[in-house]
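Next come two complexes built around subunit A: one with subunit B, the other with subunit C.
What follows is the complex of A and B.
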């Protein structure tokens, strides 16, 4: 379990420092696999079918299906790298360490005795990194990835809190995420075809507000 | 009641069904069929209520937040249903021909027309504050989509925007109003709201909110700015429905709210009287200065709303002074004018639409001589013009006469305020009526008489039967209500009873509302009406000297005499037509004036016709003149044009909105439409919450 947590943290740091989208997708897929293994490992003594199904469906959806979807998206749009993020890769890593500190602090402060601290920390870290990536990266595809990372964190928190997290709810959330990412992928594809780029900060072109731009307003 | 609700559902269902239909003709007729069927269903309960049967309040099994989903149809609702049931089907039929050659897809406009019709009907029977607001909003939004039908034109989008902003300012006031009222009463059901027991100060605050909220929809003078923008922009049958019927929902709302607020303060009545006078006089003054036919009609809606408000204000003052004659005649005249205005104003808009349809322009100064090519339109337009100017024997006269009469018979030597009211009503209505007559002399004269001023006007052709017949039906209704004035007054009484119910106890009501008595005098035209079983016992019959009876009697007499004169004039005209002519007939141009080579441009224009009157009002109108008289021995070519922008828009709302815009501008820094920034805000809030939650746990 500690190994999984540490791998989760490292994968998040890798996401912060990498500009290549292929790598990012693979990392997120790996996170999905780790999270799928997590509930099985956690309840190794009294393993039962429900947990097994949960783990396996997580592996299938987060580790295989969604990355495949993102990869298709990537191939269709022909983007390779995340260029010019709002916060560069080096500073991102620095921020990442700060976020890790914050995650540790939160996990400690929460004072949940029966929850493994390292797992809680890594899950919170994934949530924070997901948020951070969403805010600082330009490409819409990275933002979808960031959303997945954040969701992974939420899932991790859920698993670490208790294994009796209602089974159906977990599966429902999985389906939710799947549909969400599916829609995003679809949207990305159409955006790409219409505007020939996937820069989320240029979405303001769609806004009505820029039409009667008052003097002094910044045009993007 | 179920039948009424069914009547609201049918148009919407058929309107939805129209959306996927690609063939324009099929879509038009299916949607129109929906309106007709719906209105026919709704008409049955309405007629039964107006003839004296009471419908119980219907509460659905479904609870809404803040009360039950309840519907009710009383005299007030039923009377306000009449304009909808009359105008909506006719305008829809007219729309079939009007839109037939439209290039774009008609599904949405037909759907929203049906939704608008259904929502107006539903609004009148809603008996729950929340339901009322929802339907109100539905009505506003569907009419917005109708206004922006020609959305490829920038000015239409601008007009739609103005309308949307204005109507939502009104809704905002209503939201606050119902929130306060509901909080006081503990429920949003109208039944509960009526028992809220408000303090007089709070009731006055609510009244002001109601005037703002409902007045924006109705078009009270400073709040009217959307009317002259939206009505010209919309397709003509939509303008007819909106101007004729939809703005009356504002009046309905105000009256309905008055039944909930308890005893009216004298200031309320005076407020409405002043609003009525200002809207009436300034509305017609602005109308005089317009060159755009539909814009002119839109300002006349403001004027007529003014007349209605004046009547209601007089009725409210009657309530506070315990003067039955003011209540019955003031409120009755005001409410009856709602129906009358709906009829002649929609007729005028349909007529204007016919002119636009066959000439392609709304500019009065490019028209002229249309009476020769568009005879039906011209005749119906002149009927409506006479009606809107308040001339007997048409319907506009009936309601205005009631308000006049209310003022005169309410005046008592021992109470100076009644005399003030009488003078206000008499002088105001006389001024409004005179100016309206002048304005329609201008509109009719310049558009239909004389010689065509442009090639478009010269090439005008009469419109098809689907457009002619609705206009003819409305013109007949104008005449019919005028001739059957006593019956019309009888119809309005159930509505008056609902509003006039407020301050009087059950025993007093007998003296206040002489329902049975009005039709009693042995008038020839009222005879059929008085035979009907009256819902009230005969004991309530007033003695024949009662002013209300006197009003109806003199009304009937005037109508009869003027109808006789009209018949005489038409008869003489027909006889003159068919008599063998003594001499050879010579055809010459109108306004020939003996010139050797006259041109159509030598005729009076709309602005030159109205100039003496608009100069009187130049202080408020602020007409801008460009160009001037040619000067010098060898004068160069000269031009002259006038332009009258809306004063309230230019000098009240534009500066106000600029001020708001400026003061809120700093907020734009945080709201720039960038997705990353919004995500950042969410992230910051989430992290802070997490820290706060975790930090507080020690």
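What follows is the complex of A and C.
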């Protein structure tokens, strides 16, 4: 379990530091696989069918289906990398250190006995990194990836809290996320077709006026 | 005085230049060349030692002292390194900090000597060296902190002697994380490829080589030899972490240790052959990454 937690933290750091989008998608897919294995490892002694199904469905949805969807999106839009995020990749990593500290603080502060602290820490870290990426990256694809990372964190927290978490609820959440990302993918595709870019930052400039405001001019 | 502990520093003093030869051989193999002999650095050292040093008239004695200080620091540092169950010739509480600061002093001497030449080119190299050193230090000390927390603050030899197969079963993650972090540190500190290219001389991205441009003769020999000792020191640290040598038979420890160092060198050669050198702005990123690996190890140690 420690190994999975460490890999989870490392994958989040990789996301903070890499600019290539297909790498980011692969990393998120790997996270999905890790999280799928997690409940199975966690209850290795009394493994029952429900947990096995939960693990397998996580692997299929988060490790295979969603990354495939994002990849399709990426291919259709023809973007390769995140250029000029609001916070650069080096500073992002530094912020990652701070977030890691914050995650440790939260996990220790919660004082939950019987919860593996390292797993709790890494899950909180995933949530924080997801939030951070969502705020600091420009491309809509990265932002939806960040949403997935955050959801992975939430899932991790759920698993670390208790394994008897109603398994139907967990499956329901998976379905929700799937639909959410499906919609996002659709949206991205249409965005890309309409505006020929996926820069979410530029959405603020949408208007019916035919001429875009010249660069440098202050908008009222 | 016991003789055995001195075997390790002796091995380091004799074999260190050979290790750089091995790296070059691996690189040549990947490039499809035959490459220089593995003994090349020894020939170079002997050639340089027979020459006389030339000093520019604009320099002060600082540049004459620099190489000697660097070499002395490295030789002292090798005295602190244990191998497996065999303690180093000198070991005392907190020798780790002495090790770190011997390396720091060597760097300081190099940088001062580089600044002393008054060449803007060397000044630039010195500035970069110091900048990257500042980023590399946390990863060394965080890794050390993890080891100290795990094995107690009682000298490097005792720490390394604490690493056994049982340690691997209970906390292998820690060791792997710190070793990975220190391997990146090894590449950065020894100016290997993702950070700096040891082969280039007149290029704008280079760091370490630019600082030793003004040396010739015995001084250059000192600097080259000290560089190979530094490589040995870092490789020895990584090998000590990764190989649970206490669990081996005593007569096996030395050969396994040497094999481990050769393996690290081969790994460095492979990394240098398949990885492109990073742009200068990217270097802090991998150094921060290396520090983060150690930090994660620390967190695992504290909360895991």
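Heads up, the rule we're going with is that the second predicted complex is superposed on the first by the 206 of 220 C-alpha atoms of A that agree within 3 Å, B and C clash if a C-alpha of one lies under 4 Å from a C-alpha of the other, contacts with A are read in each partner's own complex, and residues count from 1 in each chain.
Going forward, a contact is a pair of C-beta atoms (placed from the backbone, for glycine too) under 8 Å apart; a residue touches a chain by one contact, two chains touch by 3 or more.
All figures in this text were calculated on a predicted structure; none of them were measured in a lab.
Contacts of A:161 after superposition: neither subunit B nor subunit C is touched.
Within the superposed three-chain model, A:131 lies in touch with subunit B and out of touch with subunit C [touch as defined at top]. After overlaying the two complexes on the shared chain, residue contacts for A:40 are found with neither subunit B nor subunit C.
Touch criterion met: A:102 reaches subunit B, while subunit C stays clear of it.
Contact with subunit C, but none with subunit B, is seen for A:89 once the two complexes are overlaid on the shared chain. Using the contact criterion defined above for the overlaid structures, shared-chain residue A:111 touches subunit B, although it does not reach subunit C.
Within subunit A, not a single residue is touched by subunit B in the first complex and by subunit C in the second.
Residue ranges of subunit B in contact with subunit A, taken from their complex: 661, 665, 668, 672-676, 679-680, 682-683, 686-687, 690-691, 694-695, 697-698. Interface of subunit A with subunit C (complex): residues 2-3, 5-6, 9-10, 13, 17, 89-90, 93-94, 96-97, 100, 104, 107-108, 116-118, 121. Every residue of subunit C that touches subunit A in the complex is listed here, in rising order: 173, 177, 281, 284-285, 288-289, 291-293, 295-296, 299-300, 302-304. Every residue of subunit A that touches subunit B in the complex is listed here, in rising order: 86, 102, 105-106, 109-111, 128, 131-132, 134-136, 143, 200-201, 203-204, 207, 209-210, 214, 217-218, 220.
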